[in-house]
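Shared between the two complexes below is chain A, which pairs with chain B and chain C, respectively.
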Partner chain A sequence: MNGRDFTFEPNAKTVGQMQVLAGIGAATLVAGLFFAPQRIWPNLLLVSYYLLGLALAGMAWIAIQYVSGAHWSTALRRVPEAMAGVLPLAAIGILSVLILHPSLYSWTGGVHVEGDAPGFKLMWLSLPFFRIRAVVYLLGWLGFAWAMLRLSRQQDSDGELSHTRRSTALAALFLVFFGVTFWLASFDWIMSLEPEWYSTIFGFYNFAGAFLSGLATLALLLVWLQRHSALKTVIREQHVHDVGKLLFAFSTFWAYLWFSQYMLIWYANLPEETVYYVRRLHGFWQPLFVLNLFLNWVVPFFALLPRMNKQRAGILVRVSIVLLVGRWLDLYLMIMPPFSGGKPRIGIWEIGLVAGLVGVFGLGFFAALRRAPLVPVRDPYLAESLHYHA
Partner chain B sequence: MDDRTEQLAKNGAPVIEPGHTFATVTDKISSIVLTRPTSNGWYVGFGIAFLLAMTLLFAVGYLFARGIGIWGVNVPIGWGFAIVNFVWWIGIGHAGTLISAILLLLRQSWRNSINRFAEAMTLFAVACAGIFPLIHVGRPWLAYWLFPYPNSMGVWPQFRSPLIWDVFAVSTYATISLLFWFIGLVPDLATLRDRSTNRVAQMIYGILAMGWRGSARHWHRYETAYLLLAGLATPLVLSVHTVVSFDFAIGIVPGWHTTIFPPYFVAGAIYSGFAMVLMLAIPIRKVYGLEDFITERHLQNSAKVMLATGLIVAYGYVIEAFMGWYSGNRYDAFTLWNRLHGPYKWDYFALLICNIVIPQVLWIRKLRTKPIALFFISGVVLVGMWLERFIIVVVSLHRDFLTSSWGMYYPTRWDWMTYIGTIGLFLAAMFLFVRILPMISIFEMRTLLPEAEVKE
Partner chain C sequence: MSKRLLVGVFESEDDTLAAIRASRQRGFKVVDVYAPYAVHGVEEAMGLAPSRLPWVVFALGVLGGGLKVWFEFWTTAVDWPVNVGGKPFNSLPAFVPVTFEVMVLFAAVGAVLSFFFVCRLYPAKRAVLPVAGVTDNRFAVVLEETDSTFDPAEVGKMFEKLHAVQVDEQITGEVA
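== the complex of A and B ==
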């Protein structure tokens, strides 16, 4: 197989569309800073965290494939690698919120910590420490992404098995690091928006959501690349089918964690915990709260239950879009209630930034995908993946 | 390219050693049941396990005569050894379903040699687990009240209580596991029927094989049923221990009420389950010379699963501790302090050493293929997981909100006898199983042979 046949060149029209979307996002951001700063900052956090989830899901995917010794997916690896390539963009988004507008976090204006033993919380939620932690997480992820992508691309030129071995070791370390830091990051950046509230499953729940959105993105990208790139000859029906199965499984996993958190808090009925759900269950929040469960689980579950549907690109694309909308709504419900007052507001600021999210992801993804051949051409396990059959 | 193929071959041990054919696989596995004479070692081992099982009978008999006052349970520690052991055994049972159902769906063909006895182990572990809540109800002859049945008294169980969810979760789990195990056995039972020379054995295996002739239609139906059961069993791997975790987490007792419990219990269950699989597989492959079928690859993979689930368990401990500080809740903070400094602090430190510190040696590739090392690490993990449940049940209960209702828990000899007795029951059942049923799935092993490969 020749590497030169497998370079990626997105067509100018798609790139143009992505540029327009990114431009809309940028314009919305700038306008919002002047006209609606209270709405634009939490929304910027939302889309940055969304983008971060996609990038880290790409990383987690690669790492899990290495660690579990899975070879079926080797031929597809450049796609999650390119997803991980948008990590720096997500980092910029997150850092700009934390550096430019930390007052998003109500605890920065003198902590009003509930409870009677606030010492640790005061120390943990202090702005300098909070920022140092953010830098540590982001630098760690960027470092791992850089190292793993580099090893994978080096293998394109020399085809050494030792790169696979080293990637496997690196992947195991990444997963441990990621497990701890993503959990802390979700506590820091999302949970502490309501500093009085806490839930130990929150990190798991955030991982499930991020990974699910990553899988949905992967499914969309695979179908798209199958139609618009040299991957047409590489991606087999079985690859798509397996991604469909994973979507089904992780959608259910997300619902499992959602239910565990909700049911346990509902059942114990402790005011310091139920406050979170009370805020999300009154007025117009309630339909959104229910819709969240439908978009992220009920629809995907029944749509993907028959075997046929997991193999059909058309259905996978639709389910993936539903899941990606669901992910946005899930994050909206996690982030917005303390800012939005009594009722949810979805308008030009939200939609503009979502357009920007799509555009920025698309451009970042294309740029990353162009940097290396579309398949890891000299990976020793490539042949096995190309001939993959269930 | 040839160099690379060689390199790849060296990369991992095979799931079945080379040189086997359909015939040798069938001979090897069925001979353990049919032709090999029962060794003295088997009699001694079974005898010891049987004696221990008899202590269970004795302890339970005395319990029925005297009531649960003979145990160490008291106020405030109303749940003692019985619930600790229940959770421990149910957790161990998880590995069987994970191996047979989830690994089947993930097409992990290495599962083929360990799924059968892992499933058997699951059934025996669930049986041991089921004993505890039944004898804990005080009037075990009324234990059927746990089930919702129409009755003239108009008495129904409290459907909002996770204890009743447990009844459903565990009984569903036991039923599906049994069906799954039995369906998987049918083709092999037919093999035993055809190969045995003893008339009685032929009849028994023949009845159990349910008329299996191995026709294409039989195989088609079999594959469909097996896959469907795997699909049904997969959510059960998560749901059973999730419901067990609800027993604790819905309460407001500090140390019980924490939302991470469901996934963290499931990870712990798989952790201890794989430890038990290794503790059984390692001596069995040695004694019966099954190293060709249960290879280094199986040991290595099981060790990796243990390492991964062990890290998730560690994550659970860390997050609980973190929340103890972060929440700012006085009672949560005290629970943590009490674990570290209270009268049971040694249990907590032992737990950390057994479940977190020692298993980290599994990062070393060489150790993952050393059977003796793995055997001992697995033992350590099983002890650690038992201690974890002791911490959750007893240490949380012994000091909660009011100092006036603090207490201590001292297990009595009856507690110990019941616990050790269930280990005896479990081992006795395992001894019988390896003697009378094929402990490795013959036909599934044959699908791994080069002979079975279909030319495209």
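== the complex of A and C ==
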């Protein structure tokens, strides 16, 4: 096969829809900065972090496939690569919050210095160090993404196995770096919104959520590309089935961590820890709290339990949409309670920015996907992936 | 009741798959296929119905989880209530980890035992093989001679055309 058969051109209508959604997001953001800044900043953090999770899930997916020597997914690799391509957009979103509106973090107005290690907490939660860390995380991720995508595209022209070897080495390094930095980033950007509270498993839980949303996005994109692009002849039922299995497994993994965090805090019953859940289990927060577990685990678990359902594109699409809504709700519950004045508020600002999230992701994804053939045309393991038989 | 079986022995998985497909196409009953390793696509070629094992495993998981919740409730809240940190006797979140483990235990062990039961396997059972080579480098397709229209010679020729290295007729009550 040659590269020209696999160029990607999204249809103008879809691009137009994405532009409209991105425009709605931008308009909401600008209007929000004037009319409801206290609502718009935490929401901007939410959608930026959501987008970041999708991009990093794409990177983690690629890295895991390289490190584990998985060849079944080689033919699909351009899709997670294009997901990783939205990383710069997510970085812009995150940095704009940290640079323009750090007062979102209440500790910037003075750190709460009780607890085990007040000196360490004072040092860790200082604005310059906080910003330096953010830049280090983001530059590190961007550097890895740039290097790995470049190697993959170079292979399109020469087909050298050495690119795969180097990507594998880079992938191993990335996974170590990502494991540490994403953990810390979730502590910095999300957990420190309530600086008096802490949970060691929080970073792991955030990874589970991000990777799960990434898998749901991947499933949606694969089904869409199967219908609307040259990947029609490449994606087999077995590929879709495997993504379905991963969705099922990671949904359960998410629930496992969700419950681990909840149960340890419930069991120990220490006031400085339970405050987090007390806030989320009262009033109108409670139904959302329960809904979160349903959207992210109960519905996907039972929907995907029968083997047949993991192979059906229609069911995967529905489950993925449920999971993506669930991811938003999960982040909403992590971020919003300190800002929402006692009760959850979901209105024009939230919906507008979510529209922007979809639009920005769509446009960024299409732009990244157009930059290279839809399949890694000269990857030495492509043939194995094309004839994949579970 | 004894059965008359026709065994075609092959040297490659492609020939084996071709023989299965050809046999089914001509309406013969493929009783079983023997291979030294798992061959992709055999189930589809044989037209096997989806396994019912998942249902058994699901039922066992529900049973194990249910029994465990009941047992923990009974021990901690009914038979010998103990006050742990002022929590209610019937503290469901605390039961979840063990319930999960027992559910997995029932489902996993039950899956293996059900599989043995369905295949009539037990320790020290003597292997029933149509030809000895299937544990080494040979593949065997076993057909049942269902009625008088089944002509072993003709089917044997069909197998030979598909590169069979050996065609055997066997009468047995045990194979498959």
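We adopt the following convention: the second predicted complex is superposed on the first by the 386 of 390 C-alpha atoms of A that agree within 3 Å, B and C clash if a C-alpha of one lies under 4 Å from a C-alpha of the other, contacts with A are read in each partner's own complex, and residues count from 1 in each chain.
Assume a residue touches a chain if its C-beta (ideal position, glycine included) is under 8 Å from a C-beta of that chain, and two chains touch if they have at least 3 such contacts.
This one's a predicted model, so the numbers in the text were calculated from it and none came from an experiment.
Asker: Mind checking the superposed model to see whether chain B and chain C fit together on chain A or clash?
Answerer: By the criteria stated at the top, chain C and chain B clash after superposition.
Asker: Which partner chains sit in contact with A:L257 here, chain B, chain C, both or neither? Use first/second/both/neither.
Answerer: first
Asker: With both complexes overlaid on chain A, does A:F204 touch chain B (first), chain C (second), both or neither?
Answerer: first
Asker: Kindly classify A:L305 by the partners it touches after superposition: chain B alone (first), chain C alone (second), both, or neither?
Answerer: In the superposition, A:L305 touches chain C alone.
Asker: Of the two partners chain B and chain C, which one touches more residues belonging to chain A?
Answerer: In the superposed model, B touches more residues of chain A.
Asker: Is A:A12 contacted by the first partner chain B, the second partner chain C, both or neither?
Answerer: neither
Asker: Is A:Y267 touching the first partner chain B, the second partner chain C, both, or neither of them?
Answerer: So A:Y267 meets both chain B and chain C here.
Asker: When the complexes are fitted on the C-alpha atoms of A, one of 205-213, 367-375, 403-411 or 421-429 in chain B overlaps chain C. Which is it?
Answerer: 205-213
Asker: With the touch criterion stated at the top, can you tell me which chain A residues are shared between the chain B interface and the chain C interface?
Answerer: Residues 263, 267, 390, which sit in both footprints.
Asker: Which positions of chain C touch chain A when the two form their complex?
Answerer: That would be residues 40-41, 50, 54, 58, 85, 87, 93-94, 96-97 of chain C.
Asker: Considering only the defined contacts, which chain A positions touch chain C in the complex?
Answerer: Residues 259, 262-263, 266-267, 269, 305-308, 389-390 of chain A touch chain C in their complex.
Asker: Which chain A residues qualify as touching chain B in the complex?
Answerer: Against chain B, chain A makes touches at 69, 113-118, 120-121, 124, 159, 161, 172, 176, 179-180, 183, 187, 198-204, 245, 252, 256-257, 260-261, 263-265, 267-268, 270, 272, 380-381, 390.
Asker: Which of the residues in chain B come into contact with chain A in the complex?
Answerer: It is residues 4, 7-8, 11-12, 105, 107, 235, 238, 242, 246, 249-252, 257-263, 311-312, 315, 318-320, 323, 325-330, 333, 363 of chain B that touch chain A.
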